[in-house]
C-alpha cells in the first residue's frame, strides 16, 4: 500500500522516540471520547485547515475519511475550494470559522467563544476544535519537509 | 511566579492526558542530545517563528532563554523586529531561513536542503530545525486560545 | 440532473443574447482543433485557475472532466490543493505556471514565452493557455454572482 | 492611429473566430439598452476594475471615454488612485463596491444585492455591473499576454 | 558610544542642510508642549509603527525610551510582538489603532476621529498621533538605506 | 484656486511651527542643485510612490508637474496604473525600482546600490531617490488625515 499513513510511518520511523510521541499526542487529541465533535466534524476541521497549509497528503487522506464518516460524498470537495460556499449548517460554519482563525494564528478573543456558544459548542469543545487545528498546523508543516 | 510556563501548566492541567502528551513530544524534540543545534540555536528558531505567529508569551519567554544561552543580549531583539538585518552569521541566517519557510508552510524542495548543507547542516539537522518550527506553529496557536 | 452546466444554462437563460454570446465564445476557445493542448490539458488549466478564483462549481465539474480525459484519477485533487507538489511533468508544470500568471493578472514578459518554448509550447499555444485562463477568470466571477 | 482598439484589433485579427466571438460578447454586455447603468457608469466600472488588474491600456482608454460621457474631467483620475476617496455619490460608491467585489472574486452574498438595492439598483442592474466587471477581468488578462 | 542616535548623526552629517531640517522637523513634532500625549505615549507610537516598518534601530532605541518614561518594563516588548494582546488601556489601544491606520496609509475617515474622541483625544491630539506615525514612516525608511 | 498646495497650506497653517519645518525639509530635499535627478525624475518618483500610498492629491498634482517638466504627456498615467509596463528607459525603471523598495520599507542591501550604479546613479543619487520616497511616505500619510 502506498497511502499517506504508511509513508508517514516510514518517514518518521528512523526517529522512534519522536514517532511515538507524535502519535501519542495525535491519539490524545483525536481519539478522546468526550465532547460534541463527531468523527466527521474532526475530519472536516482537518480538511479545511490543511487546505490553508497547502498539504495535499492531509487534504486527500482526511477528505476520504470525511466521506466515509459523514456519508456526504461532495461536502469535503466543496470545503476544499471555498468553505464559505459549501453546503454546511450554521453550526458547521461556526466550527470551521473558529478552526480557521486558530489556523491563521489570529488573536482569539471572548467574541470567538461566544459565537461558538451560540451554535452549541462550549469551552471544552472550543478547546477540541482549536487543538485539532493547532495539531495539523504542525502536522501539515512536518509533511512539507519529510520525504513522503 | 506568574511567568509563561506556570500559566501553560495551569491552562493545560485540566486535560492531564493531553498535557502529558504535549510535554512528552516537546521533550522528544527539544531535549535530544544529537545534532548540530545548540540550545541557543533552538531558542532563536522559536523566537523567529513565534514572531510570525504573533505569540508574545513565546517570544518573550524564549527570547529570555536565548539571552541566557547565547550570552548575546541584543540578538533576540534584533531578530524579533527584522531577522534579515540582525547581526547573524551566514549559518544562522540559513538556519532561520529554513525555519521560517517551514513556519509559513512553504513547499520545501531539494534546494532548501542543499542550501542548509552549504552551511554545515545535514538532513538530520534540517529535520530538527523543521520539527522545532512545526512544533511551535502548533504551540503558538494553542497559546492564542488557552487562557494565559 | 442538478450539475453545473444545467444550472448555468438556467441562470443565464433569461438573458438569451448574452447566453448565446457567452457559449459562442466558450466554443471558439475550448473546441478549436489546432494546437498542442489536449482536452485533459485544457481541463487542468481550468481546475488550477478556478481554485485561485475560489469557484467550487467550476473546480468540481472540470476536475471530473479532467479525470475522464486524463485517466489519472488523483491528479486534479493534487492540483486543487497544491499544484507545485502534484505529480506533473515539467511540461505540465510550465503550462500551469503560465496559466496562473495570467490568472493573477501578472505582467507577462518575453521570459514567460521563452519558458513555455523550452517545454514545447509555441506562441499559439501560449495564446490558447492564456485565453482559457482569462476566459475562466471571467466565468468564475460570473459564477459567484449568478444564482447557481 | 496607435490607440488601444486598433492594437487589439490587430492582435486578435489572426484568430478571426475568437475575435468575432469576443466582440459579439462585448457588444451583448456593453451595448444593451435596458437597465439603470449610463454609459459613464459602465466606463467607471471598467476603469476601477482595470486598475485592480493593472492594465494601463484599458485604464487609460476607458478613463478617456469616461471623461467624454461624464463631463467630469477629474473623476476617473481620482478613482484610479483611490476610489474610496473620489468625489462619488453614495450610489456610485455602491456600484463600484459591487464591481470590485466581483473583480476580486469575492463570495457574493444576499447582503451585496441588498446594499445595491438600497441605492436603487435591482437584480438586473447587479447582473449588469457584475458582468462588466467579469468581462474585464478577462479582457485585462488578455491584454497582458497579447502583443499590444 | 555606538547607539542609534550617534550613528544617525554620523550618517546624515555629510548633508548638513538636510540634517538640520530633519531634526528641526523632529523637534517640532516630538517636543511640543501642548496636547494629551505623554512622553511615554509618543514612544509607544514610535515602537508600534516602527515594528510595521521593520526598523530594528528605531524599535530598540524607542522601546528603551518607553521603558524609561513609562516605568512599565514589559509593555514595549508585548507591543512589539502583538499590540492587540498587550496589557494596554482602552485609551492606549485606540491611540495605537489610529497610529497604525496612518502607518498603513489607510483612508482616514470621520469614524477614526470619533473613535479617538470616545477615548478622550480631540482633533489636535489626532493630528499629533498621526504626525508622529507619519514622521516615523519616513524615518524608518531612511534608516533602511543610510549606513547605520 | 482650489488645488493641492493651497489646501495643504490651509490645513497646516494653524500649526505654523510644524508648517515651516515641513516646508524647510521639503525644500532641502526637493530643491537641491546637485546630483543626477532632473525635476521630471523627482516628480516621477513622487507619482510612483504616492500611488502605492494611495494618495490621490499627490498623484494628480505631481503627475501634472511631471507632464510639464518631462514633456511626455502619457508617461505619468502609465506609471500610475502599472509602472513596470510604462514606456520607461532602463535607467528610469531602476530609479523607480529603488524608490519603491524604500516606499515598501524593504530591507535595502548592497545589491540595490549596485543595481543603481549599473544605471549611472552613485550613492549620493541613491540617497536622493530614497529621501524623496521616504519624504512622501510621510507626506502621503499626512494627506490622509489632514482636512484636504
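When the chains are written out, they are named A, B, C, D, E and F in that same order, and each has its own residue count from 1.
In this section, a residue touches a chain if its C-beta (ideal position, glycine included) is under 8 Å from a C-beta of that chain, and two chains touch if they have at least 3 such contacts.
None of these values were measured; they are calculated from a predicted model.
Under the contact definition stated at the top, the chains bordering both chain B and chain D are A, C, E, F. Relative to the C-alpha centre of chain C, the farthest chain centre belongs to E. With respect to chain A, maximal separation of chain centres occurs for F (centres as means of Cα atoms). One of C-D, B-C or A-D repeats the interface of E-F: more than half of the contact pairs, counted by residue number, are shared by C-D.
Because chain B and chain E carry the same sequence, their contact can be compared by residue number, and over half of the numbers here are used by both. Distance from the chain A centre to the chain B centre is 23 Å, each centre being the mean of its Cα atoms. Between chain B and chain F, the centres computed from C-alpha atoms are 41 Å apart. Looking at chain B, one finds that residues 54-55, 82, 85, 107 touch two or more other chains.
Every pair of chains that touch is listed here: A-B, A-C, A-D, A-E, B-C, B-E, B-F, C-D, C-F, D-E, D-F, E-F. Taken in their complex, chain A has these residues touching chain D: 82, 84-85. Residues 50-51, 54-56, 59-60, 63, 74, 77-78, 80-82, 85-86 of chain B are the ones that touch chain E when the two sit in their complex. Only residues 107 of chain C touch chain F when the two sit together in their complex.
Interface residues of chain A, counted against chain B in their complex, comprise 15, 17-18, 20-22, 24-25, 27-29, 32, 52-55, 102-103, 105-108, 112, 126-127, 130-131, 133-135, 137-142, 144-146.
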